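Accompanying notes for the structure given below.
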Amino acid sequence: MRALLVRDLRLALRAGGGFGLGLAFFLIVVVLVPFSVGPQPELLGRIAAGVLWLAALLACLLSLDRILALDFEDGTLDVLATAPLPLEAVLSVKALAHWLTTGVPLVVAAPVLAVLLNLPAAGYAGLVLSLALGTPALSVIGTFGAALTVGIKRGGLLLSLLVLPLYVPTLIFGAEAARRSAQGLDATTPMLMLAGISAGVLALMPFASAAVLRVNLR
Amino acid sequence: MSLWEYANPVKFLRLSERVMPWLWGLAVLCLSLGLVWGFFGTPDDFRQGSTVKIIYIHVPAALMAINGWFMMLIASLIWLIRRHHVSALAAKAAAPVGVTMTLIALITGAVWGQPMWGTWWAWDPRLTSFLILFLFYLGYMALWSAIEDPDTAADLTSVLCLVGSVFAVLSRYAVNFWNQGLHQGASLSLDKEKNVADVFYHPLLLSIAGFVLLFFALVLYRTGTEIRVRRTRALRARQGARQGSLQEGSA
Amino acid sequence: MELTLSDLSVARGGLPVLAGVSLSLAPGHALVLRGPNGSGKTTLLRTIAGLQPALSGQVTGAEDRIAYAGHADGLKAMLSVRENLTFWAEVFGTRDVERAMQAFALVPLAERLAGTLSAGQKRRLGLARLLVTGRTIWVLDEPTVSLDADAVALFAGAVRAHLAQGGMALIATHIDLGLEAAVLDVTPFRVALDGVGFGSSDEAFL
């Protein structure tokens, strides 16, 4: 399992691995927001938490099809399916690798971009914590979507259509937690719900992902 | 005789052909009775005026939108566990009907909401939940149409339906938490007191029965179509195999 | 332990292609599968490898003993030869990467990125992967594609060494590898004229 993680991280970091693309996308979306809603600091400050969450979610979505498509095309998944590692573990590791290469940079970059959007000072800790708790769920759910569409040519758009509705609860609780803490309110409940969703999908989703991947490999 | 016998497509077709005229007839009867009674035979509500009468379409459509997905969930489970093709095809057939019901519920809700709340759309938990349900239906149908092999498609969409159901329920709670909303309470419920006065209640029940019957008639009809499509495919494949082997034999 | 297929039927895309395949393969032996394109060799091999379910019949003795090599090599262009092999060695819980590289004359290429290799060199790397899996049964689908005569000889040598250690190999190929292996032509097992109706997923609709 460690070998798979190390390989995925190494591949992501080498040329053409796409590391940083999600981060750049995140930056661009955040920069575009003031152009579309206007530069008033109060307005930006009020929507900052939600915008950052939405942008992070879209940046996550962007790189989902890389989780499995390349390994499917070059036959790696066939061999992994016959390896001693259960497919559930393979997919969990792949989701972890996706989170480390996409989710973690987003969490780290979010406070910096929050400055651009004039997020109230009280909101920084809540924003980082909610993203740190929520992005694992995004990666794991996204891995399910990737496993579902891996056999479909040009499945990228379909992948978004399937995964976005599944992202709704995570987005609601995540953005709510970030928003509440930005307003200086108590964000414990949404934060706990968010953690619950992450824990739940981490535990259960790999089984669904492995089931659909097996169907797609046969 | 076991119920599972009707998992055989041919038997299923034969049965559904016998049942279908009755279903259609009853559906039309209930719907026309319920709607006419509801529209012309009941008084205007003292607060809502005549707009209240959209309830006879809105509530049944909303009910069938949810129950349509529920039916797909059960059919998907049957396919995953017992691998009856009819079940998978029935789930496939129900999706467009369900999505239409969702759309009707959303549109009639907007039409109703305009005079009542003064807005066509509000991000009220119920409305939002239906919008999310609509997206789930779309994704489900898109996945069916994206995959060529019917068995693979049935497997994948079934798992999606299962996972989607869990997330749909989660979304419902999340949305409730997110916004408290202005929608009135449920019109019908088994355990609470009736929220709807008797005069509206009976025609409403009738039109709900009509929508249920209509739903099943449409799903049966569409399932029959899907079965025939599969049958055509199977016959084509057989013919192709025959021709192929004839050519090889003569070469 | 032997690898045994009993009355195996396999399907591709819901349509049965081969039916009633029975064979057994003892340790130290190889079997070459032959048959025209589209006859179902790949489907049969994937079924044996456990990548797809059989329509009917059984495969015994295959569980966790198979190293499968299909048309694609499962290599990453941005990893070096050594990194590719080390990865697979770790996944399968072995360490002998050097021996695998020697067997396929990859030592001089060890630090090259797999993406810069020629088609034949990539293929050799893909086959070297079989050695690092440490698995007993090699299931190979057209292993000699894009290999030159020398490389084919290397490959045949590797198979021979594997068999000598009590391994087994199932190989679908069109060329003569010079192995002392039994040959099985799959043509007689092809599903006859009106193929449908043989456990096909469409059968119920006829």
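Note that the chains take the letters A, B and C in the order they are written out, and that residue 1 is the start of every chain.
Rule of thumb we're sticking to: contacts are C-beta pairs under 8 Å (C-beta built on N, C-alpha and C of every residue); 3 or more make two chains touch, one makes a residue touch a chain.
Here the structure is a predicted model, which means the values were calculated and not measured.
Peer 1: Any idea whether B-C or A-C has more C-beta pairs in contact?
Peer 2: Answer to which pair has more contacts is A-C.
Peer 1: Closest chain to the protein's overall Cα mean, using per-chain Cα means, please.
Peer 2: Checking distances from each chain centre to the full centroid gives A.
Peer 1: With centres defined by CA atoms only, which chain is the most remote from chain C?
Peer 2: In terms of C-alpha centroids, the chain at the greatest distance from chain C is B.
Peer 1: As a quick test, compute the distance in whole Å between the mean CA positions of chain A and chain B.
Peer 2: 32
Peer 1: So what's the Cα centroid distance for chain B and chain C, whole Å?
Peer 2: 47
Peer 1: Measuring centre to centre with CA averages, how many angstrom lie between chain A and chain C?
Peer 2: 37
Peer 1: Quick check: what residues of chain A touch more than one other chain, meaning two or more?
Peer 2: 218
Peer 1: Quick one: in the complex, what on chain A touches chain B?
Peer 2: Touch residues, chain A against chain B: 144, 148-149, 151-152, 155, 158, 161-162, 164-166, 168-169, 172-173, 176, 189-190, 193, 197, 205, 208, 211-212, 215-216, 218.
Peer 1: Provide the residue numbers of chain A that touch chain C in the complex, in ascending order.
Peer 2: Spelled out, the residues of chain A in touch with chain C are 2-4, 6-7, 10-11, 14-17, 73-76, 78-85, 217-218.
Peer 1: Provide the residue numbers of chain C that touch chain B in the complex, in ascending order.
Peer 2: Checking each residue of chain C against chain B gives 13-15, 191-197, 200-206.
Peer 1: In the complex formed with chain A, which residues of chain B make contact?
Peer 2: Listed in rising order, the residues of chain B that touch chain A are 132, 135-136, 138-139, 142-143, 146-147, 152, 155-156, 159-160, 162-164, 167, 170-171, 173-175, 177-178.
Peer 1: Can you list the residues on chain B that touch chain C in the complex?
Peer 2: Residue list for chain B touching chain C: 8-10, 85, 149-151, 227, 230-231, 233-235, 237-238, 241-242, 245.
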